[in-house]
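My structure is below; once you've seen it, I'll send some questions.
Note that the chains are named A, B, C, D and E in the order they appear, and that numbering of residues resets to 1 at the start of each chain.
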Amino acid sequence: MDPLIKQILFALLTIFIVLNYGLIVQGIVRKIGARVGRRYGIPFYQPYIDIIKNYSKRTRISHGIMYYIAPVFRLTGGIGLLLFIPVIFGNNMFQNFSFSGDLLLILYFQFFGVLGMALGAAESGHPNSAIGVSRGLSQVTAYELPLTLGVLSLAVQYNTLNVSEIVAAQQGGILNWSFFTNPLASIALLLAFLAAMGRSPFDVVLAPQEIPIGPPTEFHSGFLGVLQLNRAIFPIAKLILFMNLLFGGATNWGELIIKTFFIYMWSVFVGVAFPRFRVDQSVRWYLGVPLIIGVAAVVVSKFF
Amino acid sequence: MVDPIYIVAVLLGISFSLGFIGKKSENIAGILSLLALGFTTLVSAQWFYNFVTADIETYHIFTTAFKPPFSINLMMGKEEALFTMMINAIGLFGGLYMFDRLKAAGKNSFIALLMLIMGLNVVVMTRDLFNLFVFLEISSIAVAGLIVLTQNTKSISAGFKFMIATGIISGLLLLGIAFIYNYAGSLNIDHILTQNLEAAKGLSIAIFFLMIAIVLEMKPFPANGWGLDVYSSAESGVSSLLSSAYATATVFVLMKLLPFAPENLQFLIAAIGIITFVFSNLMGMRQDNPNRMLGYSSISQIGLLAAVIGISSVIGEYTYFIVISILISHFLAKSGLFWIAGIVKQESIKNWSVLRSNKLLLVLFGVFIFALTGLPPFPGFFGKWELVMHLAETKNFIWIFAVLIGSFFEVVYMFRWLGYAVKNDIIIETKLKAKIHQIIPLLLFAAAAFGAGYYVSSEHPYASLINYLPLAVALGFAFIEFLPVFIKNTLAIAAMAAYFYFNYESYNELQVIFAAIFIIGGILTLIAGYAYKGKRQGFYPFALMMFAGLIGLVEATTTLEFFFAWELMTIGSYFLILRGKKSIKHALSYILFSIGGAYLILAGFGLAAIGKPDISIGILSNIELYAPWIFGLLAIGFMTKTASIGLHIWLPGAHAEAEADVSPMVSAILLKAGVFGLIMLFLAMGEQFIGNISFAYILSWVGVITALMGNMMAAFQEDAKRLLAYSSIGALGYVLFGLSLMSHLGWLTAISFSVTHFMFKALLFLAIGGVVWRLKTKDMYKMGGLIKKMPFSFISVLIGIIVLAGVPPLTGFAGKWLFFQAVVEKQWFLQGAVLFFSGIIAFLYCFRLIHSIFLGQPKDEHRNVKEAPFWILVPQYAILMVIMLFSMLPNSLLKPIGDMLMPYFPDGAITWDGQMATTALGYWNGKTVMFIVVGVFAIVFGWLVFMNRNAKKVKQFNIGYAAERPFLPETTHYAFNFFAPYKKAIGFLVAPGITNFWHRVDEGAHSVSDKFTKIYNGNAQSYLIHIVAFILVIYLISFGGF
Amino acid sequence: MLRNSLILILILGLAAIMLSIFVDYTPKEKLGPVAEHYANNGKEEVGAANLVTAVVVTYRGLDTLGEVSILFLSAAIIGFFLKIRNEEHSKNQIVIRYSEILGTGAKILVPIIILLGAYVFINGHLTPGGGFQGGAIIASAFVLMLIALPRPALNHRVLSIIESFSGLSYVIIGLLGVFLAAGFLDNQIMSLGTFGTILSAGAVPVIYILIGLKVGTELTGIIGNLKEIQNEE
Amino acid sequence: MSKEHTEKRIVYSPEGDPIEVNPLQDYFCEDLPEVHKASSIAILENFRNWARSRSLWVLGFGTGCGAIEMRPLMTPKFDAYRYGIQWRPTPRQADVFVVSGYLSVKTLKRVIRTYEQMQGPKYVMALGSCTINGGMYWDSYNTINRLDYYLPVDVYVAGCMPRPEALLAGFDQLKKIIREGRGEGYNKYAEEFAWYKANQKKIIKDWDMPDYNW
Amino acid sequence: MQNIGIEQISLAVGFILLLIGIWGMLSQKNILKIIVSFTIFETGLNVILVVIGYIRNKTAPILDTTELQTNTAEKIVDPIPQALVLTSIVIGLGVTALLLVYALKMHKEKKSLLINDYKDTKW
């Protein structure tokens, strides 16, 4: 088989696995949230039904071309991000397209979807969308700072920006994980991760009552369906990235699922325990403790 | 050749014979006078010409049959020829200019004019002290007469002050002469000097009186209130005579008598001169009356000349060159400006907008202002250059500082004035008409200013290397201003293309890159100029002048050429910026920062040239002395152009208010001049240290903070072009940081980012310019929903912001990727993190830009707007093509730059494998990223189109609006204060501290200026007290006691 | 008070400077080099018995030309300075009372004074005096006339023609020196004549006559102008 | 907002040319709703209906006093989420409109607008006797009596007020209706649009919307 | 200072006149008095000039006797300062005349001869 075709097929397989895993984990997480609130909660497969329902809608309206293709940007951003991350360590095929670029490509490609989505939301002409985008972008700038410091710290530690190499360097035992070898960077990254997942207390972007879920407020039917697909893939891609950076990557899908699930749980636990921050609060918070930790991480890894 | 004695004889003869003429025949009197002056001008011109071309010997004129010292003799040397020529010319043309005024005052006023010129001629030529005194008296009495040409309280009291003051001064002069005679037994200058007189206290006091009287004639600070009052109240033509002729003669007298003065007195005179220069210019800043302002300027220029003459023993043989070039500039420009002031007749410079009704006068006004402030190609430029070079060579750094700060003050008020004339919105409904006899002198003097510049530069060993061709082409466009824009634009593009085509082979790679940004970029932005209708007067000469300066920078081989080009570019861009709306303030701050920066560069070059045989750029690379200083001065100088933090406040306004195609020119292209300078500097000087800290390290933080602050301020702007302007500040911060990394990757980033920044900033500014063109507003919140009206502009902006934000897969990412490779390699993580942070902030304003303008709710007013003009779109799409090419094939951009950098930074280069770039740390393949992204995008898009094939197209208010319906687009479009929460969180960072700082500096300088001017209280006696006190103080300093 | 003390301090300072000069001053014992040359050679070179005249008219002739120009210039300036009002207010002149005795006396004295003046400038190269002194004496005659007589018939036109004529002639004589003799203002365009007689010293007497005329008319003109202005009050 | 915003006005373009603005026409899509046929592939349609019935997104719009009875559905005691019932803040994403109780004329206008902004298939559930016959407000000058004059109601839940359990029963009923393919209320609305609109306009005096709010 | 003669006394008088003149110009408020002070100043200068040319026990430089015509240099005072003083006087005359006219004109403008009243141009 042509290696390229093979590669593409494996990429599709990756996407398929991640999509399903993402949807299920979404359902489970919501279930957990319900259980914390002493409810029974939705069935774990509810996200599937919601997506099918949304595709089954018969009417849809369009606000314009950017609105129309915004979900495409969003999903392309999610899938692309996934494809640029080496998923399974030691498996050539599940490296997907990570040969295209290193960690920096991944960090920057996140914004591809964000930007497209923001544009689509803006074109709907809904003020709440624009407010949401404003909040979202503001918050992004805040948490990217500790994130970058953490990543830079890791880059110093391993002297590379190649994700596969970072994973390789963490092999050989739990204590080799960056989480243990570089705790400061890990803390900075995990704090940044909270907002990156967009969960409480950093979910003011989507505040459902105040600005009816913000940017996607006008999206519906098939458009919303595409966005929901992305909501399944994109967090998992991020989780895989954090897993690769901090927790030694995964050598098989089982390991991947376990590790990412626990990383996800971190944000879930924080989310169910803390109320929502206002944007300025979250921005200030990120420019406080996490920033200091990030700076400390960089300084420590540079000089020690 | 005509004996110079005829100058005296003819002037006297004619003035005596005017008595024969009856009262009604003033015309004849006037014409006779002018003929006489014309004759004398020719005589001295002829002498000067022969001195220059034939190198003849100095000619001595003996009166009576006896040789000096027994009789009075005159001398005609090269200097005398030049000075008398200037004096006679100003007499002739000043007389012509004032012809109707003099005529109205009667034939006797012609006598005063002739006598003044005659007196000054003899003052210049004579070699006898007492004769000097007599003819100086003639001149000052003649001036006192001319002052009352217009008789009003002001002029009469000013004349009285003048007479009383000159009375005391000439009394002291006579006292000095008397006692010199007492000790020397002779009055002949040469004779006295050749005697070896024993140093008696009385003699030295006599010499002191002689010198101090001459210095007082030059109106030193603070004993000069009488002079200022004359300048501000006399007829403009008379002021021009006083400033140009009288002052010129006193300068010469000082040169002539300087050998009398002991060394410490010479330095004292120099000190007085430089203090006068600085303080008069400082006080000039608060002036509102043009004549008085010019008076301050005159006094300051003469003070500078006194300073130069005073330290001639230090400067050496170049004193003459410096004095002449500064003096000629002052002479031509000051007379021209006084004359124009006489035509305009406005008491306040704010009302000078009336000058706009007469284009010719406006142009002349600009020429004179530039000549006066010592900008190229006028002679003052070369004078200032040589002065600084020689002061540096002799390590008189405080003097350099004083010269530059004084010049800077002068620039402040001169350009404020120019700004008012070109742009102030006070409309005065009068059409300025200048009579032909007023225009001719102005035209001739303006032409002479250019000619003098050429002459002076040809006298200079390095200035003669300057390539004047681009400047000549630019000036040539001034003569075809009557042609329509289409032809001029085509010609301009053709000229630039031809220049590039014929020259690019002689450039090295670095030069090619920057020449390409400057020239090709220039051509691209010029294409947008086709969108303009009419003649677009005043655009092409300056645009081309700017490009001439830019290409001159690239081609410069000596520091002089570099500085020349730098100033040229500043002038051109200043006018381009001044063309914009409400630009008056911004253009002023632009020129102030530019000139301030240019002075720093000048000082840096001066220091660099210490002990070097020549001034080629190469000297920068082997500097033993003061290297950190030189580096610092030059770096700060260049950073004024790259608008680094602290020096950036000129940029937002200047770029934002400019026209649609000027904004990209100044923002995308012009800023790269600073980058080029920095590159040159770094290449030549490498890393420099203050103590243990590397300059590069400091600059890296400057760059980082610039990037952060620029981007953050951009996020909070309401004005689209201001937003882009702040974004330029941020982007140039990146470049500065890249350069300061001093590594292969850092430089690769900086240079490639310069290219990329050119592309996206030109794209964005053109696109936004097109929008502003149609919408006639720059406030983003007043726009909205324009995507449907201006889809092509939208695509430009979309691509532009994606590149700007550095989002893959477009070429902007290359810059970001390289940056972090470089940062990690260099291990400057904190800077890297802040840069990343500021890169994210770029998203804020990028989104805001596209959202507020193109998305959201369209406004009712804009329902019928059309797409931006075709010719503004053309360059955008040309740039888009290139962006796409570079995005697909990043190595087509990066590899040549990398190769170019190999000689300088051989380590840490990128290895290329097809489009795959690999560094020690990471890798990136632009092509596959592009394919993957496009592939995934296409599939998802197909899926979505299939799902949503029957989507219903709705209108702007069909939104779920909390069960209500929107009522007005204005209230529904969320765009004003878009990042309010963000501002709430970290808005304190963008408090306008730096702007406030500069405002305080400005206010402080003005209030100091105000305080100082208070000493001129208008009372004649106070002025006399100043004079006496001045004499006493100088005496005490010079003798250290009584 | 402050101002006056400041002035006093300044004057004391100046006085201190003057004192330094004064202390340093030693009376001359003999002539300086240039003066010595004049004393020894003046007779042969210029031929004027009055050495001061020799210096004034010949050796330092250019200064004298300047002096004449200054007077001329002052007169000219005063002329146009006062001119504007002249035209405006020439109607309402005030008649000043005068004394008959004074008037008659003046009429007698004026010609004599003029004669004296002429004598002084014609003999300027021989005896003390000269063009300036003679001119001043002539002018004093006119001043007397102006003060003593009610409506002095001062013809400014004539004055100005005499003034211009003498000035121009002076310049021309100066230039003749360039053509006929050694240089500008050389007195040897005419023969030096016999030392000590009226026709000696070459052009010096001629020049002094011209200067005398010129100074006389110029001073008269200045005073006449001032007087006219006063009449307008 | 006053009425003047619906009247024609003149604005001036940047060049100064006058532009006439007709708010109701210019800002809104004027097209009328269409009937959307169900897919002819029965199995596909059944699958979709199943999905629709298991994923009922309720618009969070409390129109009347009954809104207070919806809140308990989210609490642990009733937990409607387990039935696939969720609340959405925007009509665009909602499937079910619960008209909770009495409906004043003022609110009716908003309800109509919101309903029309939902995407089909969409369902209306009416709570309480007030929506059936006016209930205790039967003679109010300001409330409507019968909701189905104005909107196609799929399920009525009677009571004043119905308890949350009754609501759950109502949802259950709605699910059944949907699964049976009878949840076509929005098609009915499109078919008899003229009648509904006439009724609506008869009672709403200050009609300042387009006929159909897309 | 061993023998104070006529030269020193005259010189001192000259300087004192000079200083009185300057003092007058600096302190007198009346324009006419200022002009008078100026002439005093001029006179002082002229006195000084004459003093400079003076040589004790020598005669005027007028060679009207044959005795004077030989060895002239040892018998006469310096003629040059005398020539200079003539020029200086004439110049002083011209300036004074002009100043008086100025005073006249200023008085016409404001009907005042106080120098403090003429401060129209300043700063």
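Convention: contacts are C-beta pairs under 8 Å (C-beta built on N, C-alpha and C of every residue); 3 or more make two chains touch, one makes a residue touch a chain.
If you're wondering where the values come from, they're calculated on a predicted model, not measured in any experiment.
Note on connectivity: the fewest steps through touching chains from chain A to chain E is 2.
Separation of chain A from chain C in touch steps, taking the shortest path, is 2. Of all chains, the one whose Cα centroid sits at the greatest distance from that of chain C is D.
If you compare B-D with B-E, the chain pair joined by more contacting C-beta pairs is B-E. Relative to the centroid of all protein Cα atoms, the closest per-chain Cα centroid is that of B. With each centre defined as the average position of its C-alpha atoms, the distance from chain B to chain C rounds to 54 Å. Centroids built from CA atoms put chain E at 16 Å from chain C. Shared interface positions of chain C, defined as residues touching 2 or more other chains, are 7, 10-11, 14, 21, 23, 25, 28, 31-32, 34-35, 38, 59-60, 63, 66-67, 70, 73-74, 77, 81. Shown for chain B are the residues in touch with two or more other chains, namely 130, 134, 137, 141, 144-145, 148, 151, 179, 181-182, 187, 952-954, 956-958, 960, 1025, 1028.
For chain D, residues that reach two or more other chains under the stated contact definition are 90, 92, 214. Pairwise, the chains that touch each other are A-B, A-D, B-C, B-D, B-E, C-E. Remark: chain E residues 1, 5, 7-8, 11-12, 15, 18-19, 22-23, 26-27, 52, 54-56, 60-64, 69, 72-74, 76, 78-80, 82-84, 86-87, 89-91, 93-95, 97-98, 100-101, 104-105, 108 touch chain C in the complex.
Residues of chain B that touch chain E in their complex: 130, 134, 137, 141, 144-145, 148, 151-154, 156-160, 163-164, 167-168, 171, 174-175, 178-179, 181-182, 187, 225, 228-229, 232-233, 286, 292, 1013-1014, 1016-1021, 1024-1025, 1028. Contact residues on chain A toward chain B in their complex (touch as defined above): 55, 59-66, 68-69, 71-73, 75-76, 79-80, 83-84, 97, 99-105, 108-109, 111-112, 114-115, 118-119, 122-128, 130-131, 133-135, 137-138, 140-142, 144-145, 148-149, 152-153, 155-156, 159-162, 212, 217-218, 221-223, 225-226, 278-281, 283-284, 287, 294-295, 298, 302. Listing the residues of chain A that touch chain D in their complex gives 34, 37-43, 46, 49-50, 52-53, 56-61, 208-209, 212-213, 217-221, 224.
Chain D makes touch with chain A in their complex at residues 36, 47-48, 51-52, 54-55, 57, 60, 75-76, 79, 81-82, 84, 86, 88-90, 92-93, 95, 119-121, 214.
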